[in-house]
Structure formats: structure tokens, C-alpha cells
Amino acid sequence: MAKHHISTTINGEPVEFLCNTEQTMLDVLRDELHLTGTKEGCATGDCGACSITVDGRLVCACLMLGVEAEGHAVETIEGMADGDKLHPLQQKFLEYAALQCGICTPGFLIASKALLEHNPDPTEEEARYWLAGNLCRCTGYDKIIRAVLDTAADMRGAS
Amino acid sequence: MYAPSFAAPTTVADAVQLLANASGVTRVLAGGTDLLVQLRSGILKPDLIVDTKRIPELRTITTEGGGYRIGASVSGAEAGEHAALSRDWPGVVEAVELIGSTQIQGRASFVGNLCNASPAADAVPALVAAGATVVIAGPNGEREIAVEQVPTGPGRTSLAKGEMVIAVKLPPKPVRTGDAYLRFIPRTEMDIAVVGAGVCVTLDGQGVCRAAKVSLGAVAPTVLVVSAAAAALVGSKLDDAALATLDAAAQAACNPISDKRGTIEYRTRVAGVLSRRAAAIAFKRAGA
Amino acid sequence: MAPDGTTSLRIIGTRPIRPDGVDKVTGRAQFGADFQLPGQLIGKVLRSPHAHARIRSIDTSKAEAVPGVKAVMTAADMPDIPNEEAFVGEGPANFRDMSDNTMARGKVLYDGHAVAAVAATSAAAADAALSAIKVDYEVLPHVIEVEDAMVEGAPILHDDMFTAGVDPKPTTPSNVSRRMVFQLGDVDAAFEKADIVIERKYKTAPVHQGYIEPHACVAQYAADGQVQIFCSSQGQFMVRAYVAKLLGIDISEIRVTPLEIGGGFGGKTLVYLEPLAVVLSRKSGRPVKMVMTREEVFRGSGPTSGGTVWVKIGATRDGVIVAGDAVLKYQAGAYAGSPVGPGCMTAFAMYDLQDVRITGYDVVTNRPKVAAYRAPGAPISTFGVESAVDELARELGMDPVELRLKNAAKKGTKAAYGPTFGDIGYVETLEAVKNHPNYQAPLGPNQGRGVASGFWFNIGGESSATVNINEDGTAVVATGNPDIGGSRASMAMMAAEVLGIDVERVRPIVADTSSVGYCFLTGGSRVTFATGMAVVEASRAVVNELKARAAKTWDIPVEAVEWKDGQALPAGSNAGDFEPLSLEDIAATSGRTGGPIASTSSLNAQGAGPGFGTHLVDVEVDRETGHVKVLRYLATQDAGRAIHPSYVEGQIQGGAVQGIGWALNEEYIYDEQGRLENPGFLDYRIPVASDLPMIDTVVVEVPNPRHPYGARGVGEVPIVPPMAAMANAIQDAIGIRLTELPMSPPKVRKAVDEQTAAAEE
């Protein structure tokens, strides 16, 4: 059948794209829109590298069809910094060396941002469970968790 | 080349009509967290995918006569954020919140978990223990059946062509009632249940169990209702003897397979363990 | 005082933000699958559904007819290269085997073995073409487990494989490719002196590196025979060399541009897709992009070996280990070449033993050919030895740290594998454990504490670096090693330290194969040591040139100029009275003083300091479900000198957690047909954040005298101790010795049931 014409919002900008039914949102972001900051680690929802938010809700882009984006607001890693001003989580990940190879980093940042919006004062255990769907094979998670908790403390202090 | 059709109707009637009139394989897309994996792997090639998330009544949780009606497309995360539902049926909400990661929670629904008909579905034993029913819409109107009547085997349901589950209904919670769900997985998150146990009990003023329902997942082709296990609880204050009888009854009911997630022996023993532990939580929640 | 004679270090040992960091937190960094070329096709691989089968025929005609399909290939499109052994990567390689592993020739040897590949204008067309390829298989009996493969009558994978290293030379083919023995002293006599002997057999499961980024590449074969490859790997020069060898192309015709690599851990020290993409591009005349799915990564790329480890150690009553004997049987996967050699060499390397013997067997089985994984071979043998040492400590009633201290290898200890150790820090890691609060933390019921140590050689090798001074006084450092975990930061820091400028003024890049001198791959914990040494040498040459330019400007002898804090100064009052010339000043006028300032260093670095680490873990065991929870984890390690401490800690933490996964849940599950049942992150269970506590680290620094700043490799040691540490902790918690990995819940529960049954008897 013909491709679907989808109108959506990505990182605050209106975006239109064409896609087939079976294309996932991850396929659309990476292959059609060339937003390759969202990564594919498994395509089965097991690694979290493709984390995005849809209307503020954290999801795996690989478990959503592109056609489902119609009328919704999608946020990806490309929209996280404000111009050249990094989001506090991005800055803290750098300061804490919370990344090694960096392939999981966009997913962790999107998921962490959703965490802090949902719960500005998470315990270590809450942060670990919230982020359990994001796999990192390099860091052992230690520096990631520290960076998230410290960002939360900073953001609470600033507000 | 494979090219499925897609529709996103806005009413139940339209959805039912699409499903009833379609030729070939049809699939309802609720949260999609199972469906998209099956599409990706190529094991499933539906001709038509019907997205039900644009049907308003399927997106809401409403109270009905003291109970709850949960729309078929309500996500686990939305259920968890519903304060009254979480207060009344914590076991049910915990069960649906155990399905996958936070990301999966943003999409996965009770009904998708049920209709995917995996023997290991986390939401199902908890719903069964709580006495939940489902509302099914179809070409011949609506009907309501118990949750345990939906799955008929791994990957199979009792739904007829053109039918879809539009809501799960939880009854009004009786006084001094508590429910709980526990599952075992090798890690702490991200695995499919090796065993799941849902327990719901109602106590009297003295803390003696007057009614109970025990349900097990991942230990048989479909969810089990273990009446012998429930009988072990009724009349008890969850003393050691009741726990031992419960454990034995749960193990006796198991008919599992050995697979990559667990052996027959292991699943059986852990079913007993989790039944005891879930019962203890349910008793506590009921006010024991 | 730093080893290079400077009185203080300004940058080494600090924690600047990595130079590639912003790209990686904003999604701009380009990894393997993120790259594309105009007009590119999508390439996909058809893989064997059988564990062992003869390929009678492959019919690709229907696939070629699928609309959008531009090329189809099989092994017939690759040169049939001779059986040739070479020492590459982190071990021996046979290029014929490597070729057959990228594309099966004659037989398929494992579920997932590539048999054909296609390139098409869309992924859907490529998928359709794969299903249209008809392969006629004659299914053969298969063998999965290492000891099954060694028995008489086992299905033979290679008719031309005769066990090497046995006398007389065998006349019948075998799945054992090689037997090897490492020996020191007289082991049998030494056991006579022992009061206590521990003898036990241990078993480990093959585990995958589990990098989150699947293999990916784009290749372009131009009409004039020039080949361009863009890919993520652990070595652009490795990719160039292997593609040249496997396809019979001159190295000068190939240019490999490294993309960011999303984890490797040794698993990307090989080629899988690149030669196929080049062939498909040659046949189609268009660029071809290939990306593995996660399932393909598990089915088609190499894990590390599983194996059995028989260990016998003897000690006197006062805790002196007098003899060690071990037999290691490692599965290599479908082709010879497991890391059993390093497994043998590392087995007892932590102990000062006069009499020791290790026998190793390299065994082929119908599984994917193994690839390197972090300290290849060492974790397997060490799981056995460090479990046995713990049992010995229990028998002796000695603290396990004290037992290790009493027998630890030190400077001057001769290792069973040959060398005599120089400056090493094993004892320091043990002391660090003893002095850490975790060592005394109280334990509750069903909780236990385990300790184990680990060793890795670390390597040096060939590296090149170019340092260019820009006209504004900033610098570019180009090296040829992919940056897996922050090495660009270390390169920039070492250059900045020598140049005496801020690290932000140094831009490190990972250059393509035509833009920088040869660098051996990123592996063996070599980059900070060896490539770092090249960076330091090139930077020092630049400093000499800067001094010469200042001398020329001042018209004084170059010996009268010194370089300090990024500027040239007259060396003492006799040299004259001149205003200091900064790097910016000299760079700005370089056109008038002799032209651009740059230097290249190419070297073969020797003297990588061996690495040691000791881990301490507390666990709690749920006796009813068999679940093991990690309560506390401490990893201590000698880093020689931590260039960037955060990334040293990160290496240690990451390695430890991979080891925890290896210990508890990671394994390949095969069905009766030899098909992999868990090719995904759902059932191949790597640790998730909620499984773990913080991973405490103590970095001890016993400088490596052979590195300008004392650095030694750190990446590999931390995966060596965890498995035994975990087993030892479980024993401490519930009194049960588990000898088989993974120590997954069903196995733990079964062991508890057996313990209960035995107690009731």
C-alpha cells in the first residue's frame, strides 16, 4: 500500500514524513529524518538505546510504529541541549565520565531526563530501577547513577 | 514484498468493523510492545494492524460502582499513576508495572499483556486473583468474561474474529481485602517471569481468612487458578501449617515446561515459594 | 617527581572533560550504523539454520531476480586463500579460517554461519532476496560442549585437523587442534611436600562481549579498484589488513576511516561484514551498507570460550603454596584458536611457585568462532585457580587475603610462562583490600564475602602519532587507535603535559589509515601505554623544535633554551635576557623561523607493565529462589599511573560488572539441534542497573618504569577476578562451593536442595 503521510512534532519543530506501516519510529528517525542520535542496540525493547519521549512519556522508538507519531510530540537526544547550552544531565555525564564508548549515552540521557521530570528526588534504588531498561556494557552503571543523582540534587537546589 | 495495512479508528464500532471485515491476519495494536517484536522477527505478518489508541474510551480508567474499568489501551505507567487504583488493587498495579522497563511501561497495556497470551504474562495472575473480568466488543455486541477465560494456550485466545477486548474490569474491593503479585526473574528487571504468583485474600475482623484466590503464571500453558492453594488459606491466619499446605498445593498444581528460562523442577519449587511470599503480603495488606 | 624528570605534573592525574564528550552527549557522534553514502545499497547476510551441515548447492537465481536486488554473493566470490597462520590481533589467526568464517565454504559449522549475502535498494528487497536463496544442506551430526567434542567418535568439524603438540603426530583427525604444556620445576615431586592438596574441576560458559553497538560498515569499491571502508572496529589498520588479505587486494588500494565504536571489549578485533560489503560493492558498483541485527551479533560473532579447568594445588600447613597443576580445555568455536594459551600463562601467574605445570587443549565445536574478550583466556583459568585458592584458605583456616599475601608474585618472581616480574603491584592491591572498610563490614544471615585476584600481561606494540602545531599555538594529535573508552582524553593529556599547555588546546583525533602511521589495534590494554608513548615522543620532538625556533629567534644556542609551562625561556642568566616566547608566539612566527612545526613518532613499544587486581565482594543468597544479590563490591588495581583517573575507575568498574554477569547469568543456550535459543538481550542476561551496587575502586600506583608517565594497561585485569570472587562469596554465605558458571538461580537452588538432602541423610 501507499506510504503514510505523517505530521508530527519533533524537538519542538513541526515535521512531516512518509513511512510504510511496518517502519518503526526508530527506522523513521534514523533512516528518513537522519536523526541518528537515537541508537539501535537490539530493536526489541531490551536495551533502551533508542529511548525517546512521546508527549513526555518515555518509550523505546523501536517499539512504536512511525505511523503512531501522527499528531504527537516526540523528543529525541538532538533536542536535549538548548542550542550550545547543554542540559544539566549532559554536563554532569561529562564531568562524571559517565560514558565510555557513548553508544548508550543518548538513551540514558533521555531516560534520566524523564526520571527527573517524574521524580526530582530519586533514591539510588529508584534511579537504578527506572534506568534498568537502559543497558550499558562499559561503565558498570556506577558513574551514570552518580551523575543522575548529583544532577537531581543540583536541579533541586537551583529551583 | 510485505506491506501491511494500518488503521487508527476513533470508535469501538469502527474498530470492530475493520477487524470483522478484514481478510487475512489482523492484529490490534494497543501498546505494541509484543506486537512490534513479533513483526520485527518476521514470525508474524499481519495484513492489517488496527491501532486502538485513538479510541478515547480505551484510553481512560473510570470508576464503576466502586470498581474500576481500565480501557484496553491504558499503559502500565498510566495505571501506576492512578492513585485510587493503586491503593485498592496494589497487587494488580504492581504486576502490570513489572512488565518490562520504564520504556515498556510507557506503552504496554493490561489487555495487550493478556491477549498476547503468553503463559508468563505478569498482569494476568494478579488480575485473575483479584477476580477481574474483561469486556469484549464484537460484531454481535459486547460480552463480559473472566480474565482466565481469555487465554486458551500459548499465543491463543478465546476471542472470535472481529472481537477485541475493550476494557478490564476490577470489582469493588471488599473490606479487609489485600492482593499481591510476585514473580521470579534471574535479574532484578528486564526478564520474562520464570514463575508468577498472584494472591488475593479477604479477612474477617479477627484476621482469619474468609476468602482467597491464588493464581500462578508461567507454570502451565495458561494461567492457573489453584483452588487447593486458596483452600489452604481460608480459615487460617497464615500460620506455618497453612503456608506449608499452600506451598504444596501450588507445587502440585504446576505443569510447567523446561526451557531457556527455567526447569520443571525449579519452576515448581519456586511456585511454592512465591505463593507463600505473595500470601504474606496479601494478608498484611488485608490488615492482618 | 615524575619518571620523565619533570618536578611536577600539571595535567596527568587530573580529570578533564573528554574532548569527544559533547558529541557523545548530544547525539552528534557518528557510530558505525550512523554513516551513509549517497546511493548506498543495503546489504544483508543469509545465515545457516544448522549447527553442522555440508552445503550441497546454493541457488541464488531467484534472489537475483527480486526487484531492487543489485548483487548476490557467496564464498565463490571470494578468493580461496591458502591455509596460512599469522600472529595478529591478540592471538594467532589463520586467514583461510577467517575467510571461511566470514562466508562458509563447503560446510557450515554453526547456527548463524554466513552462507550468502545480498545488496539491494531497500532493506525489504534485501530481506525478500534472502528468503529467495535456496541452500541445499546435508545436515551432519554436531557437537556443542567441549568435552563431548574431545571424545572418540565425536562429530569431526575439520577432516584436516590433527592435534598439534602431541608426540607422535596423530594420524586421525580430531577436534583438538593443539595441546600445550607450560612447566616450571618438578610438580609431581613438589606435591609430596604438601600437607594439604585441593583438587577440583571447574567449568565456565562461553560469554559474549555484549557491546551495545552491533557491527556495521559502509564499503565502496570504485571502478579503479580503490576501496573505501567506513566502519566501527577496534582497529582501522586491522580492518585494512584483513580485507586486503581475505580479498587479495593491495593494502595501498584500501582506505579505512574509523567511525565511533560503540563498545568492543575484544569482539571487534575481527572482520565479519567488511569483506562482504566490499565484494557486494564491487559486484553492484554502488556503496553498500551492512549492519548486523542483535540476533546476528549473538549468532554470528564470536564470544569468548567456555571451558573446563581442572586444578590441583598443594600447600604446607603454614600456608606456603608448594605446587600447582592445571589442565585447561577451551572451546574455540568452529575454527581453531581459543585463548587457551594466555589461559595457561595467566593461571598461576599471581603466585610465587617454583613447581608448576599447566596443560592446555584448544578444541573446536559447532559454535561461533571465539573472539577476544577482555583478558582473553585469563578469566576462565583464574576462576578455577582462585576458587581453589579460596578452598585452600578454608582448609588452612587462613584469611584468604593473608594466604595470597604470603604467596604473592613480587618483583623478581619467575612466572611459569617465562619472564621474571619487574615492578608489579599485586601486593599493593591486596593491602588496599585489607585497608578498605568493606573488608570489615558486618554480614548478616545468608550473606558472605569473597575475594579473588587477577592478572593480565598487558601489551605494547606498534603505534604512531603525529603532533601538529597550528598557527595559533593550539595542537592536533593524530593517532590510529579507535577510542573505545576515553583514550583521546589520555592522548590529549599526555601531549598537553609535554607541551606545557592546557589540555583544551590539544585536539586529539583518530585518523584514517591513509592519514597517520600504522597503529596496531586497540586491544591488549595497549593504547594508553604504547600509543601514549608515541604521543609523548612526538610531543617531545615538537618541544625540541620549539626550543630551536626560540634559539633562532634569540640567536643563542638551542642548549641555552629551556621549555617550561608552555613557553621557551633562556636557561639561566648566562643564556641572555629575553622575554619568554610562548607556544602561541612561536607558532605565529613559525613561517619566518623555518616553517610549520610538526612531528611524527612511530615505535614498537616494549615494556608494558603487567597488571594485577584484587576484588572483594559481599553477596546475599536467597536460599529459596537461588537468587544472588551483590551487596558491596570493591575492586583494587595497580594502574601504574592513572593518566585520567575517572576513566581508569570506569574501566575497572565496567570490567568488574561484566565479570558479575559472567558469574551469575550469562550463557548461550542451545537446543538439541544446536541452534542458539537466546540470541538477544532478553534471555542473554547482562547485568542491568538495578542488579548492582556502586562499584568501589581503589587505584594503586606502582609506576611502570618503561612508560614516560608510569602508565600500565588497565582495561583487561578487572574482568579476571570477579567470577571466583563471587563463587567464594557464595560459599561464604551458604556453605556451598559452586564450580560451574553461570551460578544462575536454578543452579544455586539445586545446590541448596542437595545440601539439605545431604544434611537429612
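Here are a few things to note about the model shown:
A, B and C are the chain letters, set down in written order, and residue numbers restart from 1 in every chain.
Everything below uses one rule, namely that a contact is a pair of C-beta atoms (placed from the backbone, for glycine too) under 8 Å apart; a residue touches a chain by one contact, two chains touch by 3 or more.
The model shown is predicted, which means the values in this text are computed figures rather than measured ones.
Shown here, the protein chains touch in all possible pairs.
Between B-C and A-C, more C-beta contact pairs join the chains of A-C.
Taking each chain's centre as the average of its CA atoms, chain A and chain C sit 29 Å apart.
The geometric centre of chain B is 44 Å away from that of chain C, both derived from CA atoms.
Multi-chain contact residues of chain C (touching two or more other chains) are listed as 681-682, 687-688, 690-691. For chain A, residues that reach two or more other chains under the stated contact definition are 43-44, 46, 129, 131-134. Contact with two or more other chains is made by residues 2, 188-190 of chain B. Against chain C, in their complex, chain B makes its touches with residues 1-2, 42, 184, 186-192, 194, 259-263, 265-266, 269-270, 273. Of all the residues in chain A, the ones that touch chain B in their complex are 1, 4, 20-22, 24, 43-46, 48, 51, 54, 57-60, 62-65, 67-68, 70, 111, 114-115, 129-134. The touching residues of chain C, counted against chain B in their complex, run 124-125, 127-128, 624-627, 664-665, 669, 677-678, 681-683, 685, 687-688, 690-691, 744-746, 749-750, 753.
Contact residues of chain C toward chain A in the complex are 15, 17-18, 20-22, 24-31, 33-34, 209-214, 260-265, 291, 293-294, 484-486, 644, 646-647, 649-651, 653-658, 680-682, 686-692, 694-695.
Looking at the complex, you find that chain A touches chain C at residues 30, 35-44, 46-47, 49, 76-78, 80-81, 86, 90, 93-97, 99-106, 109, 124-125, 127-129, 131-146.
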